[in-house]
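Chain naming follows the written order as A, B, C and D, and within any one chain the residues start at number 1.
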Amino acid sequence: MTTQVIVLNGGSSSGKTGIVHCLQAILPQPWISLSVDDFVDALPPSLADSDSGIAFGQQGEVSVGEGFRAVEAAWMAGIAAMVRAGARVILDDVFLGGAASQQRMQAQLEGLEVLWVGVRCDAGIAAGRELARGDRVVGMAAPQAETVHKGVAYDVEIDSGHAESLDCARTIATYVKDN
Amino acid sequence: MTTQVIVLNGGSSSGKTGIVHCLQAILPQPWISLSVDDFVDALPPSLADSDSGIAFGQQGEVSVGEGFRAVEAAWMAGIAAMVRAGARVILDDVFLGGAASQQRMQAQLEGLEVLWVGVRCDAGIAAGRELARGDRVVGMAAPQAETVHKGVAYDVEIDSGHAESLDCARTIATYVKDN
Amino acid sequence: MTTQVIVLNGGSSSGKTGIVHCLQAILPQPWISLSVDDFVDALPPSLADSDSGIAFGQQGEVSVGEGFRAVEAAWMAGIAAMVRAGARVILDDVFLGGAASQQRMQAQLEGLEVLWVGVRCDAGIAAGRELARGDRVVGMAAPQAETVHKGVAYDVEIDSGHAESLDCARTIATYVKDN
Amino acid sequence: MTTQVIVLNGGSSSGKTGIVHCLQAILPQPWISLSVDDFVDALPPSLADSDSGIAFGQQGEVSVGEGFRAVEAAWMAGIAAMVRAGARVILDDVFLGGAASQQRMQAQLEGLEVLWVGVRCDAGIAAGRELARGDRVVGMAAPQAETVHKGVAYDVEIDSGHAESLDCARTIATYVKDN
């Protein structure tokens, strides 16, 4: 079987984006990169910072409502269709619901060959990197560091706190089949 | 019939993005925004600035190769699937191939209720706005101003050169059914 | 006398940045662009979103504290020194204090040949453009549209609500001496 | 003596920006952050990508002309004046000319208490981080990794290739006097 989707799950500021860029550069086939961050940017104001949508608290807490979940499910169904139509997709996400998030995604990607990657980064290191980004809202990195991995099953896990993005990408690449 | 997709076609610097933001703000239902620009950002280095991918010349010319077209078709198939799964999508694009671009998109969106919007902007005004953006590459706006509309059929056309984004959005909104 | 500094004052979303880019493109001499927005970005977290620093309210209101004012004065003194050392500077600002803001700046720029430009934009148009930007915080444009001009004296005023950025820049350029 | 200026010198992708953000967060006094990158962004088109200005080659080489040097000198004189007017400034730069670049800066900052910081990062690690950034132009990181430090004298050197940004900032902070 040829790998069709690479899913990277990790907390905020764990370094997923850098790993994705390196994967795109080193994998021999063209992989497109899609992220839950892009999805959030695509939302209308009514689903951003609202109870029905996604809301970011002052201390970095993130909550997600019914309206967000409904559109997110349609978005995931669309990504699965992209892959069925022949696109290779690297998808990076933050499993706020842990195992439940993975199950929802598994249902959408049924029948596709998925490589599940856990991007682990110590809470302390992730919090430091969040500070280094200089964004105004801080506090998401530490609480997400552990919770997003709860009950999630992976094909490979990398430690982005102690390995460079390119080295993480090289490890992941060895698990990508038929490239 | 309820409008399921709003397609905005217009040249570079014609003001599509501003109109999309206003549409998202004024339409009563949640519409997500997807753009060919996001798609280009999602591409790997091998498909950006290459013969097989998309390439931007020094004078603003844009060329697109086989590799780009293949992934773009899968991307469009995915967006159609998102809509079939219940998402309302505003899609902004630059029909470099004019009527041929529209036909490709029509084939992908078959069976969906699409509102086709032409975003027209005088070449001179678009070139001035391109200068005002301050990006390093200039020259795309003027040549695209006419060519992207050649042979394309619209439900509504707006003149973003002489109307504010919000006014353009209000006009478009009157053509959106069942909101 | 040769113009050494061009100061653009206007409310949020009045289109100052676009005009600055056009001025830089059409003026025959090299002008560097500095903005109060850059200054805000340069501040440490302790002066961003705090009582002593600058704070942005939920309805778009902006308040500025003692700590902000102290550093801002040093920043302005530095810009004046750049100009005395030979740099041509376009400075765009938002005179939250109207005439008082201009007097503070005049004191810092004493002895320099300054072109004072008022960038006027109807509150309604500015509010529409704020919506078109798609930023999450809205509400600054309308209240600032009038207040930032209260009691301020200009060499030239342009109406960015009804003229393109490039046309505004061309008008301003006719007031720049010895270019 | 109280430290008035912190100068960080290091090659492209060595991690200076992240260290600056951490310094601003942990130092007890308000420090503003200025960067040669901001300066380049402030330049007009005539000094960007030109012989007289700054030009970036396809392989990551950077060249700088007379026009750039003239405005840069005025910019540095202005920063020195900001500090004399009371601002604490963290300045990050890339000493393309090594010792000669430092001498030019020393002349401008004469009489001020400067902390000179070398941000060292192995060429291989910096090149990997450049890839991880996903910017289109690559190739600057590796050649700059060594050359920018040639003949430069430091008060403290940190290894950003093997220490997190926050840890680098903590080390630097111990050299900042009177905070």
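Just so we're on the same page, a contact is a pair of C-beta atoms (placed from the backbone, for glycine too) under 8 Å apart; a residue touches a chain by one contact, two chains touch by 3 or more.
If you're wondering where the values come from, they're calculated on a predicted model, not measured in any experiment.
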| item | value |
| --- | --- |
| From subunit A, the most remote chain by mean C-alpha position | C |
| A-D, A-B or C-D - pair sharing over half of the B-C contact pairs | A-D |
| Whole-Å gap separating subunit A and subunit D, where each centre is the average of the chain's CA atoms | 33 |
| Intercentroid distance (Cα basis), subunit D paired with subunit C, Å | 27 |
| Centre-of-Cα separation between subunit C and subunit A, whole angstrom | 40 |
| Where subunit C touches two or more other chains, by residue | 24-25, 45 |
| Contacting residues of subunit A [partner subunit B, same complex] | 24-25, 27, 30-34, 38-39, 42-47, 53, 67, 70-71, 73-75, 77-87 |
| Touch list for subunit C against partner subunit B, complex | 17-22, 24-25, 125, 128-129, 131-134, 164-167 |
